[in-house]
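Every chain is named by a letter (A, B, C and D) in the order it is written, and numbering of its residues begins at 1.
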(Lines give C-alpha, C1' and ligand atoms only; values in the text may rest on other atoms or scores of the structure.)
Protein backbone atom coordinates (compact mmCIF):
# COMPACT_ATOMS: atom_id res chain seq x y z
CA UNK A 1 0.00 0.00 0.00
CA UNK A 2 1.86 2.82 -1.59
CA UNK A 3 2.96 5.39 0.94
CA UNK A 4 3.48 3.93 4.42
CA UNK A 5 3.79 7.28 6.11
CA UNK A 6 0.73 9.12 4.90
CA UNK A 7 -1.85 6.69 3.59
CA UNK A 8 -4.73 5.90 5.93
CA UNK A 9 -5.10 2.27 4.79
CA UNK A 10 -1.36 1.62 5.23
CA UNK A 11 -1.57 3.08 8.73
CA UNK A 12 -4.51 0.83 9.62
CA UNK A 13 -2.64 -2.16 8.27
CA UNK A 14 0.37 -1.45 10.47
CA UNK A 15 -1.82 -0.95 13.53
CA UNK A 16 -3.72 -4.21 12.93
CA UNK A 17 -0.56 -6.19 12.35
CA UNK A 18 0.85 -4.95 15.67
CA UNK A 19 -2.45 -5.79 17.39
CA UNK A 20 -2.36 -9.39 16.11
CA UNK A 21 1.32 -9.87 16.95
CA UNK A 22 1.01 -8.50 20.48
CA UNK A 23 -1.69 -11.13 21.10
CA UNK A 24 0.04 -13.96 19.23
CA UNK A 25 -3.06 -14.23 17.07
CA UNK A 26 -1.28 -14.41 13.71
CA UNK A 27 -1.39 -18.21 14.05
CA UNK A 28 -5.20 -18.07 13.64
CA UNK A 29 -5.09 -15.64 10.73
CA UNK A 30 -4.83 -17.95 7.74
CA UNK A 31 -6.52 -16.52 4.64
CA UNK A 32 -9.12 -19.29 4.95
CA UNK A 33 -10.01 -18.28 8.51
CA UNK A 34 -9.94 -14.57 7.74
CA UNK A 35 -12.33 -15.08 4.81
CA UNK A 36 -14.74 -16.75 7.25
CA UNK A 37 -14.39 -13.93 9.79
CA UNK A 38 -14.91 -11.40 7.01
CA UNK A 39 -18.16 -12.91 5.79
CA UNK A 40 -19.43 -13.30 9.35
CA UNK A 41 -18.93 -9.57 9.87
CA UNK A 42 -20.73 -8.83 6.59
CA UNK A 43 -23.66 -10.84 7.85
CA UNK A 44 -23.86 -8.65 10.94
CA UNK A 45 -24.21 -5.71 8.58
CA UNK A 46 -26.90 -7.53 6.59
CA UNK A 47 -28.83 -8.23 9.80
CA UNK A 48 -29.26 -4.50 10.37
CA UNK A 49 -31.03 -4.15 7.04
CA UNK A 50 -32.91 -7.40 6.52
CA UNK A 51 -36.34 -6.28 7.74
CA UNK A 52 -35.99 -2.66 6.62
CA UNK A 53 -37.32 -1.33 3.35
CA UNK A 54 -34.74 0.16 1.01
CA UNK A 55 -35.97 3.63 1.96
CA UNK A 56 -35.66 2.87 5.69
CA UNK A 57 -32.13 1.59 5.13
CA UNK A 58 -31.30 5.09 3.90
CA UNK A 59 -32.69 6.83 6.98
CA UNK A 60 -31.11 5.16 9.97
CA UNK A 61 -31.39 6.59 13.45
CA UNK A 62 -28.15 8.01 14.80
CA UNK A 63 -27.80 5.03 17.17
CA UNK A 64 -28.33 2.49 14.38
CA UNK A 65 -25.97 4.36 12.05
CA UNK A 66 -23.33 4.19 14.75
CA UNK A 67 -23.78 0.40 15.10
CA UNK A 68 -23.60 0.05 11.33
CA UNK A 69 -20.38 2.09 11.22
CA UNK A 70 -18.72 -0.32 13.66
CA UNK A 71 -19.86 -3.36 11.66
CA UNK A 72 -18.37 -1.81 8.55
CA UNK A 73 -15.19 -1.13 10.51
CA UNK A 74 -14.99 -4.86 11.30
CA UNK A 75 -15.34 -5.70 7.62
CA UNK A 76 -12.54 -3.30 6.68
CA UNK A 77 -10.38 -4.68 9.51
CA UNK A 78 -10.59 -8.28 8.31
CA UNK A 79 -10.22 -7.25 4.68
CA UNK A 80 -6.98 -5.46 5.52
CA UNK A 81 -5.76 -8.43 7.57
CA UNK A 82 -6.44 -10.84 4.69
CA UNK A 83 -4.71 -8.54 2.22
CA UNK A 84 -1.68 -8.36 4.50
CA UNK A 85 -1.45 -12.14 4.75
CA UNK A 86 -1.75 -12.57 0.99
CA UNK A 87 0.49 -9.59 0.18
CA UNK A 88 -2.24 -7.96 -1.88
CA UNK A 89 -2.39 -4.21 -2.46
CA UNK A 90 -6.09 -3.43 -1.98
CA UNK A 91 -5.98 0.04 -3.48
CA UNK A 92 -4.14 -1.12 -6.57
CA UNK A 93 -6.52 -4.09 -6.98
CA UNK A 94 -9.59 -1.86 -6.58
CA UNK A 95 -8.35 0.60 -9.18
CA UNK A 96 -7.61 -2.28 -11.53
CA UNK A 97 -11.10 -3.73 -10.97
CA UNK A 98 -12.79 -0.39 -11.60
CA UNK A 99 -10.91 -0.11 -14.90
CA UNK A 100 -12.20 -3.58 -15.85
CA UNK A 101 -15.74 -2.52 -14.95
CA UNK A 102 -15.45 0.67 -16.98
CA UNK A 103 -14.69 -1.43 -20.06
CA UNK A 104 -17.27 -4.07 -19.27
CA UNK A 105 -20.12 -1.64 -18.57
CA UNK A 106 -19.94 1.34 -20.92
CA UNK A 107 -22.18 4.10 -19.53
CA UNK A 108 -24.18 4.46 -22.74
CA UNK A 109 -24.99 0.73 -22.77
CA UNK A 110 -26.04 0.16 -19.15
CA UNK A 111 -27.48 3.58 -18.27
CA UNK A 112 -30.13 3.15 -15.57
CA UNK A 113 -30.49 -0.53 -16.38
CA UNK A 114 -31.02 -2.69 -13.30
CA UNK A 115 -30.60 -5.87 -15.29
CA UNK A 116 -27.18 -4.69 -16.36
CA UNK A 117 -26.44 -3.54 -12.83
CA UNK A 118 -27.28 -7.10 -11.80
CA UNK A 119 -24.78 -8.53 -14.24
CA UNK A 120 -22.21 -6.17 -12.76
CA UNK A 121 -22.10 -8.57 -9.82
CA UNK A 122 -22.80 -11.81 -11.48
CA UNK A 123 -21.07 -12.05 -14.83
CA UNK A 124 -21.79 -15.80 -14.82
CA UNK A 125 -25.52 -15.29 -15.24
CA UNK B 1 -12.45 10.59 4.67
CA UNK B 2 -9.88 13.04 5.88
CA UNK B 3 -7.81 14.43 3.04
CA UNK B 4 -9.64 14.38 -0.30
CA UNK B 5 -6.56 15.17 -2.33
CA UNK B 6 -4.07 12.61 -1.11
CA UNK B 7 -5.83 9.74 0.62
CA UNK B 8 -6.21 6.57 -1.45
CA UNK B 9 -9.59 5.60 0.03
CA UNK B 10 -11.00 9.09 -0.63
CA UNK B 11 -9.78 8.86 -4.21
CA UNK B 12 -11.45 5.48 -4.70
CA UNK B 13 -14.65 6.85 -3.23
CA UNK B 14 -14.72 9.73 -5.69
CA UNK B 15 -14.00 7.42 -8.63
CA UNK B 16 -16.76 4.98 -7.61
CA UNK B 17 -19.30 7.73 -7.09
CA UNK B 18 -18.59 9.05 -10.57
CA UNK B 19 -18.87 5.52 -11.98
CA UNK B 20 -22.32 5.03 -10.41
CA UNK B 21 -23.59 8.44 -11.47
CA UNK B 22 -22.45 8.11 -15.08
CA UNK B 23 -24.50 4.90 -15.27
CA UNK B 24 -27.49 6.21 -13.29
CA UNK B 25 -26.98 3.32 -10.90
CA UNK B 26 -27.28 5.31 -7.68
CA UNK B 27 -30.99 4.44 -7.68
CA UNK B 28 -30.05 0.78 -7.02
CA UNK B 29 -27.51 1.61 -4.36
CA UNK B 30 -29.59 1.66 -1.20
CA UNK B 31 -27.63 0.57 1.88
CA UNK B 32 -29.84 -2.55 1.99
CA UNK B 33 -28.93 -3.53 -1.57
CA UNK B 34 -25.26 -2.67 -1.12
CA UNK B 35 -25.07 -4.86 1.99
CA UNK B 36 -26.39 -7.73 -0.12
CA UNK B 37 -23.89 -7.07 -2.91
CA UNK B 38 -21.11 -6.85 -0.33
CA UNK B 39 -21.85 -10.21 1.25
CA UNK B 40 -22.23 -11.83 -2.16
CA UNK B 41 -18.72 -10.66 -3.04
CA UNK B 42 -17.40 -11.99 0.27
CA UNK B 43 -18.87 -15.36 -0.59
CA UNK B 44 -16.92 -15.39 -3.84
CA UNK B 45 -13.80 -14.96 -1.74
CA UNK B 46 -14.90 -17.78 0.59
CA UNK B 47 -15.43 -20.07 -2.41
CA UNK B 48 -11.75 -19.82 -3.27
CA UNK B 49 -10.81 -21.19 0.15
CA UNK B 50 -13.58 -23.63 1.06
CA UNK B 51 -11.88 -26.84 -0.01
CA UNK B 52 -8.33 -25.72 0.77
CA UNK B 53 -6.53 -26.48 4.01
CA UNK B 54 -5.43 -23.47 6.02
CA UNK B 55 -1.86 -24.07 4.87
CA UNK B 56 -2.93 -24.24 1.21
CA UNK B 57 -4.85 -20.98 1.63
CA UNK B 58 -1.52 -19.38 2.50
CA UNK B 59 0.24 -20.65 -0.62
CA UNK B 60 -1.90 -19.70 -3.56
CA UNK B 61 -0.69 -20.00 -7.12
CA UNK B 62 -0.05 -16.67 -8.80
CA UNK B 63 -3.19 -17.11 -10.93
CA UNK B 64 -5.37 -17.88 -7.92
CA UNK B 65 -3.86 -15.02 -5.93
CA UNK B 66 -4.74 -12.70 -8.77
CA UNK B 67 -8.37 -13.91 -8.77
CA UNK B 68 -8.50 -13.49 -5.00
CA UNK B 69 -7.14 -9.94 -5.29
CA UNK B 70 -9.99 -8.99 -7.63
CA UNK B 71 -12.59 -10.53 -5.30
CA UNK B 72 -11.14 -8.50 -2.44
CA UNK B 73 -11.28 -5.43 -4.67
CA UNK B 74 -15.01 -6.02 -5.15
CA UNK B 75 -15.51 -6.20 -1.39
CA UNK B 76 -13.67 -2.93 -0.87
CA UNK B 77 -15.64 -1.32 -3.71
CA UNK B 78 -19.03 -2.13 -2.19
CA UNK B 79 -17.85 -1.25 1.31
CA UNK B 80 -16.81 2.19 0.09
CA UNK B 81 -20.10 2.64 -1.77
CA UNK B 82 -22.11 1.74 1.33
CA UNK B 83 -20.03 4.10 3.48
CA UNK B 84 -20.63 6.89 1.00
CA UNK B 85 -24.39 6.36 1.04
CA UNK B 86 -24.48 6.30 4.83
CA UNK B 87 -21.96 9.13 5.23
CA UNK B 88 -19.67 6.96 7.32
CA UNK B 89 -15.93 7.62 7.60
CA UNK B 90 -14.48 4.09 7.31
CA UNK B 91 -11.00 5.02 8.50
CA UNK B 92 -12.29 6.84 11.55
CA UNK B 93 -14.69 3.98 12.36
CA UNK B 94 -11.92 1.36 12.00
CA UNK B 95 -9.58 3.29 14.28
CA UNK B 96 -12.37 3.64 16.82
CA UNK B 97 -13.14 -0.09 16.62
CA UNK B 98 -9.49 -1.04 17.09
CA UNK B 99 -9.36 1.15 20.20
CA UNK B 100 -12.43 -0.71 21.54
CA UNK B 101 -10.76 -4.05 20.79
CA UNK B 102 -7.55 -2.96 22.52
CA UNK B 103 -9.51 -2.37 25.72
CA UNK B 104 -11.64 -5.49 25.34
CA UNK B 105 -8.74 -7.84 24.64
CA UNK B 106 -5.69 -6.87 26.71
CA UNK B 107 -2.64 -8.65 25.24
CA UNK B 108 -1.67 -10.25 28.55
CA UNK B 109 -5.14 -11.75 28.95
CA UNK B 110 -5.75 -13.20 25.48
CA UNK B 111 -2.18 -14.02 24.41
CA UNK B 112 -2.26 -16.94 21.94
CA UNK B 113 -5.74 -17.91 23.08
CA UNK B 114 -7.96 -19.11 20.25
CA UNK B 115 -11.02 -19.16 22.46
CA UNK B 116 -10.45 -15.50 23.18
CA UNK B 117 -9.75 -14.86 19.55
CA UNK B 118 -13.12 -16.48 18.90
CA UNK B 119 -14.85 -14.11 21.27
CA UNK B 120 -13.16 -11.27 19.42
CA UNK B 121 -15.73 -11.90 16.69
CA UNK B 122 -18.64 -13.06 18.67
CA UNK B 123 -19.00 -11.07 21.88
CA UNK B 124 -22.50 -12.50 22.24
CA UNK B 125 -21.22 -16.01 22.91
CA UNK C 1 -33.76 -38.28 10.90
CA UNK C 2 -36.62 -40.29 12.20
CA UNK C 3 -37.93 -42.69 9.61
CA UNK C 4 -35.29 -43.80 7.08
CA UNK C 5 -37.74 -45.45 4.75
CA UNK C 6 -40.37 -42.77 4.27
CA UNK C 7 -39.00 -39.38 5.20
CA UNK C 8 -37.87 -37.18 2.32
CA UNK C 9 -35.02 -35.55 4.23
CA UNK C 10 -33.66 -38.92 5.38
CA UNK C 11 -33.78 -40.14 1.79
CA UNK C 12 -31.85 -37.09 0.57
CA UNK C 13 -29.29 -37.61 3.31
CA UNK C 14 -28.68 -41.21 2.25
CA UNK C 15 -28.38 -40.19 -1.40
CA UNK C 16 -25.90 -37.41 -0.62
CA UNK C 17 -23.79 -39.61 1.60
CA UNK C 18 -23.52 -42.19 -1.17
CA UNK C 19 -22.65 -39.43 -3.65
CA UNK C 20 -19.78 -38.19 -1.46
CA UNK C 21 -18.46 -41.68 -0.74
CA UNK C 22 -18.48 -42.76 -4.38
CA UNK C 23 -16.27 -39.76 -5.16
CA UNK C 24 -14.06 -40.04 -2.06
CA UNK C 25 -15.09 -36.51 -1.18
CA UNK C 26 -15.85 -37.13 2.49
CA UNK C 27 -12.26 -36.10 3.24
CA UNK C 28 -13.13 -32.53 2.18
CA UNK C 29 -16.40 -32.45 4.11
CA UNK C 30 -15.31 -31.20 7.52
CA UNK C 31 -18.01 -29.15 9.26
CA UNK C 32 -15.76 -26.10 8.84
CA UNK C 33 -15.54 -26.57 5.07
CA UNK C 34 -19.22 -27.42 4.72
CA UNK C 35 -20.18 -24.24 6.59
CA UNK C 36 -18.14 -22.28 4.04
CA UNK C 37 -19.76 -24.09 1.10
CA UNK C 38 -23.18 -23.49 2.64
CA UNK C 39 -22.73 -19.74 3.00
CA UNK C 40 -21.28 -19.50 -0.51
CA UNK C 41 -24.45 -21.11 -1.87
CA UNK C 42 -26.59 -18.71 0.18
CA UNK C 43 -24.74 -15.83 -1.41
CA UNK C 44 -25.67 -17.13 -4.86
CA UNK C 45 -29.29 -16.91 -3.75
CA UNK C 46 -28.74 -13.38 -2.42
CA UNK C 47 -27.24 -12.34 -5.77
CA UNK C 48 -30.52 -13.11 -7.50
CA UNK C 49 -32.33 -10.62 -5.29
CA UNK C 50 -29.82 -7.86 -4.57
CA UNK C 51 -30.94 -5.37 -7.22
CA UNK C 52 -34.61 -6.33 -7.15
CA UNK C 53 -37.23 -4.53 -5.10
CA UNK C 54 -39.04 -6.63 -2.51
CA UNK C 55 -42.07 -6.71 -4.80
CA UNK C 56 -39.98 -7.85 -7.78
CA UNK C 57 -38.47 -10.61 -5.64
CA UNK C 58 -42.00 -11.94 -5.25
CA UNK C 59 -42.69 -12.02 -8.99
CA UNK C 60 -39.84 -13.89 -10.59
CA UNK C 61 -39.93 -15.01 -14.18
CA UNK C 62 -40.24 -18.76 -14.62
CA UNK C 63 -36.59 -18.97 -15.73
CA UNK C 64 -35.36 -16.99 -12.73
CA UNK C 65 -37.56 -19.00 -10.35
CA UNK C 66 -36.01 -22.16 -11.74
CA UNK C 67 -32.46 -20.83 -11.12
CA UNK C 68 -33.47 -19.81 -7.62
CA UNK C 69 -34.89 -23.29 -6.94
CA UNK C 70 -31.54 -24.87 -7.82
CA UNK C 71 -29.65 -22.43 -5.57
CA UNK C 72 -31.98 -23.34 -2.73
CA UNK C 73 -31.37 -26.99 -3.51
CA UNK C 74 -27.63 -26.41 -3.07
CA UNK C 75 -28.25 -24.80 0.31
CA UNK C 76 -30.35 -27.75 1.46
CA UNK C 77 -27.73 -30.19 0.14
CA UNK C 78 -24.89 -28.67 2.17
CA UNK C 79 -27.08 -28.24 5.21
CA UNK C 80 -27.93 -31.95 5.14
CA UNK C 81 -24.26 -32.87 4.62
CA UNK C 82 -23.19 -30.76 7.61
CA UNK C 83 -25.95 -32.27 9.78
CA UNK C 84 -24.80 -35.73 8.80
CA UNK C 85 -21.20 -35.01 9.73
CA UNK C 86 -22.22 -33.55 13.09
CA UNK C 87 -24.90 -36.15 13.77
CA UNK C 88 -27.58 -33.49 14.12
CA UNK C 89 -31.27 -34.21 13.51
CA UNK C 90 -32.36 -31.15 11.52
CA UNK C 91 -36.08 -31.76 11.90
CA UNK C 92 -35.84 -32.23 15.64
CA UNK C 93 -33.62 -29.14 15.99
CA UNK C 94 -36.02 -27.02 13.88
CA UNK C 95 -39.03 -28.08 15.94
CA UNK C 96 -37.13 -27.30 19.11
CA UNK C 97 -36.12 -23.88 17.77
CA UNK C 98 -39.68 -23.03 16.76
CA UNK C 99 -40.84 -23.90 20.28
CA UNK C 100 -38.20 -21.51 21.66
CA UNK C 101 -39.38 -18.79 19.27
CA UNK C 102 -43.01 -19.32 20.27
CA UNK C 103 -42.09 -18.58 23.86
CA UNK C 104 -39.77 -15.73 22.99
CA UNK C 105 -42.17 -13.96 20.64
CA UNK C 106 -45.74 -14.25 21.93
CA UNK C 107 -48.13 -13.33 19.10
CA UNK C 108 -49.92 -10.65 21.12
CA UNK C 109 -46.63 -8.91 21.93
CA UNK C 110 -44.96 -8.82 18.51
CA UNK C 111 -48.02 -8.68 16.23
CA UNK C 112 -47.06 -6.90 13.00
CA UNK C 113 -44.04 -5.35 14.66
CA UNK C 114 -41.04 -5.11 12.35
CA UNK C 115 -38.77 -4.07 15.17
CA UNK C 116 -39.70 -7.23 17.02
CA UNK C 117 -39.33 -9.20 13.82
CA UNK C 118 -35.84 -7.76 13.65
CA UNK C 119 -35.04 -8.98 17.12
CA UNK C 120 -36.28 -12.40 16.07
CA UNK C 121 -33.00 -12.73 14.18
CA UNK C 122 -30.69 -10.80 16.34
CA UNK C 123 -31.47 -11.38 20.01
CA UNK C 124 -28.11 -9.82 20.89
CA UNK C 125 -29.20 -6.34 19.76
CA UNK D 1 -43.97 -30.75 -0.59
CA UNK D 2 -45.34 -34.11 -1.54
CA UNK D 3 -47.25 -35.65 1.34
CA UNK D 4 -48.68 -33.05 3.75
CA UNK D 5 -49.67 -35.57 6.37
CA UNK D 6 -46.49 -37.56 6.86
CA UNK D 7 -43.50 -35.66 5.54
CA UNK D 8 -41.39 -33.88 8.12
CA UNK D 9 -40.50 -30.94 5.89
CA UNK D 10 -44.13 -30.38 4.95
CA UNK D 11 -45.05 -30.40 8.63
CA UNK D 12 -42.37 -27.83 9.43
CA UNK D 13 -43.60 -25.68 6.58
CA UNK D 14 -47.15 -25.68 7.91
CA UNK D 15 -45.98 -24.87 11.43
CA UNK D 16 -43.79 -21.98 10.23
CA UNK D 17 -46.53 -20.53 8.06
CA UNK D 18 -48.90 -20.53 11.04
CA UNK D 19 -46.19 -18.93 13.20
CA UNK D 20 -45.70 -16.07 10.70
CA UNK D 21 -49.44 -15.52 10.21
CA UNK D 22 -50.25 -15.43 13.91
CA UNK D 23 -47.70 -12.62 14.27
CA UNK D 24 -48.64 -10.81 11.06
CA UNK D 25 -45.04 -11.19 9.95
CA UNK D 26 -45.76 -12.37 6.41
CA UNK D 27 -45.53 -8.71 5.31
CA UNK D 28 -41.79 -8.79 6.13
CA UNK D 29 -41.18 -12.13 4.44
CA UNK D 30 -40.42 -11.13 0.87
CA UNK D 31 -37.99 -13.53 -0.84
CA UNK D 32 -35.44 -10.69 -0.84
CA UNK D 33 -35.67 -10.25 2.94
CA UNK D 34 -35.73 -13.98 3.62
CA UNK D 35 -32.57 -14.46 1.55
CA UNK D 36 -30.89 -11.86 3.77
CA UNK D 37 -32.11 -13.55 6.96
CA UNK D 38 -30.96 -16.90 5.61
CA UNK D 39 -27.42 -15.77 4.92
CA UNK D 40 -27.22 -14.00 8.27
CA UNK D 41 -28.06 -17.29 9.99
CA UNK D 42 -25.44 -19.10 7.89
CA UNK D 43 -22.88 -16.60 9.10
CA UNK D 44 -23.72 -17.44 12.71
CA UNK D 45 -22.87 -21.03 11.83
CA UNK D 46 -19.62 -19.93 10.18
CA UNK D 47 -18.68 -17.97 13.32
CA UNK D 48 -18.64 -21.18 15.33
CA UNK D 49 -16.01 -22.65 13.04
CA UNK D 50 -13.87 -19.71 11.92
CA UNK D 51 -11.03 -20.11 14.42
CA UNK D 52 -11.23 -23.90 14.68
CA UNK D 53 -9.08 -26.27 12.68
CA UNK D 54 -10.95 -28.69 10.42
CA UNK D 55 -10.25 -31.47 12.91
CA UNK D 56 -11.59 -29.40 15.81
CA UNK D 57 -14.73 -28.63 13.82
CA UNK D 58 -15.37 -32.37 13.79
CA UNK D 59 -15.05 -32.75 17.56
CA UNK D 60 -17.32 -30.18 19.11
CA UNK D 61 -18.15 -30.18 22.79
CA UNK D 62 -21.72 -31.18 23.57
CA UNK D 63 -22.57 -27.57 24.44
CA UNK D 64 -21.11 -26.22 21.20
CA UNK D 65 -22.79 -28.95 19.16
CA UNK D 66 -26.10 -27.94 20.70
CA UNK D 67 -25.53 -24.28 19.72
CA UNK D 68 -24.58 -25.36 16.22
CA UNK D 69 -27.75 -27.49 15.95
CA UNK D 70 -29.91 -24.44 16.71
CA UNK D 71 -28.05 -22.32 14.14
CA UNK D 72 -28.67 -25.00 11.55
CA UNK D 73 -32.31 -25.07 12.60
CA UNK D 74 -32.51 -21.34 11.85
CA UNK D 75 -31.07 -21.92 8.39
CA UNK D 76 -33.61 -24.64 7.65
CA UNK D 77 -36.43 -22.44 8.99
CA UNK D 78 -35.65 -19.54 6.65
CA UNK D 79 -35.02 -21.87 3.74
CA UNK D 80 -38.46 -23.40 4.20
CA UNK D 81 -40.05 -19.95 4.52
CA UNK D 82 -38.41 -18.76 1.30
CA UNK D 83 -39.48 -21.93 -0.51
CA UNK D 84 -43.05 -21.40 0.66
CA UNK D 85 -43.12 -17.82 -0.60
CA UNK D 86 -41.72 -18.80 -3.97
CA UNK D 87 -43.78 -22.00 -4.23
CA UNK D 88 -40.67 -24.13 -4.63
CA UNK D 89 -40.58 -27.81 -3.70
CA UNK D 90 -37.24 -28.13 -1.91
CA UNK D 91 -37.11 -31.92 -1.97
CA UNK D 92 -37.89 -32.09 -5.66
CA UNK D 93 -35.33 -29.36 -6.43
CA UNK D 94 -32.64 -31.10 -4.36
CA UNK D 95 -33.21 -34.43 -6.09
CA UNK D 96 -33.05 -32.68 -9.46
CA UNK D 97 -29.82 -30.92 -8.48
CA UNK D 98 -28.20 -34.15 -7.31
CA UNK D 99 -29.07 -35.75 -10.65
CA UNK D 100 -27.37 -32.82 -12.41
CA UNK D 101 -24.30 -33.25 -10.20
CA UNK D 102 -24.17 -36.99 -10.88
CA UNK D 103 -23.88 -36.25 -14.59
CA UNK D 104 -21.48 -33.36 -14.13
CA UNK D 105 -19.12 -35.19 -11.80
CA UNK D 106 -18.79 -38.85 -12.78
CA UNK D 107 -17.22 -40.76 -9.89
CA UNK D 108 -14.38 -42.14 -12.00
CA UNK D 109 -13.41 -38.68 -13.18
CA UNK D 110 -13.41 -36.74 -9.90
CA UNK D 111 -12.48 -39.49 -7.43
CA UNK D 112 -10.72 -37.91 -4.45
CA UNK D 113 -9.97 -34.79 -6.43
CA UNK D 114 -10.22 -31.60 -4.40
CA UNK D 115 -9.88 -29.42 -7.47
CA UNK D 116 -12.90 -31.12 -8.95
CA UNK D 117 -14.68 -30.88 -5.64
CA UNK D 118 -13.92 -27.17 -5.83
CA UNK D 119 -15.51 -26.86 -9.21
CA UNK D 120 -18.53 -28.65 -7.79
CA UNK D 121 -19.32 -25.35 -6.09
CA UNK D 122 -18.02 -22.92 -8.57
CA UNK D 123 -18.70 -24.08 -12.13
CA UNK D 124 -17.87 -20.55 -13.32
CA UNK D 125 -14.20 -20.87 -12.43
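Observations, loosely collected:
Rule of thumb we're sticking to: contacts are C-beta pairs under 8 Å (C-beta built on N, C-alpha and C of every residue); 3 or more make two chains touch, one makes a residue touch a chain.
To keep track of the chains, here are their UniProt names: A, B, C, D = Nucleotide pyrophosphohydrolase.
Nothing here was measured: the structure is a model prediction, and the numbers come from that model.
Contact tally for B-C versus A-B: the pair with more C-beta pairs in contact is A-B.
When the contact pairs of A-C are set against those of A-D, C-D or B-D, over half line up by residue number only for B-D.
Measuring from the averaged C-alpha position of chain B to that of chain C gives a distance of 26 Å. In terms of their C-alpha centroids, the spacing between chain A and chain B amounts to 2 Å.
For chain B, residues touching at least two other chains, in rising order: 28, 33, 35-37, 39-40, 42-43, 46-47, 49-54, 114, 117, 121-122. By the touch criterion stated above, chain A contacts chain C in their complex at residues 35-36, 39, 47, 50-54, 114, 117-118, 121-122. Of all residues in chain A, only 28, 33, 36-37, 39-40, 42-44, 46-47, 49-51, 124 touch chain D in the complex they form. Residue ranges of chain D in contact with chain C, taken from their complex: 1-2, 6-9, 12, 15-16, 19, 22-25, 27-28, 30-33, 35-43, 45-46, 48-49, 52-55, 57-58, 60, 65, 68-70, 72-77, 79, 82-83, 85-86, 88-91, 93-98, 100-102, 105, 107, 110-112, 114, 117, 121-122.
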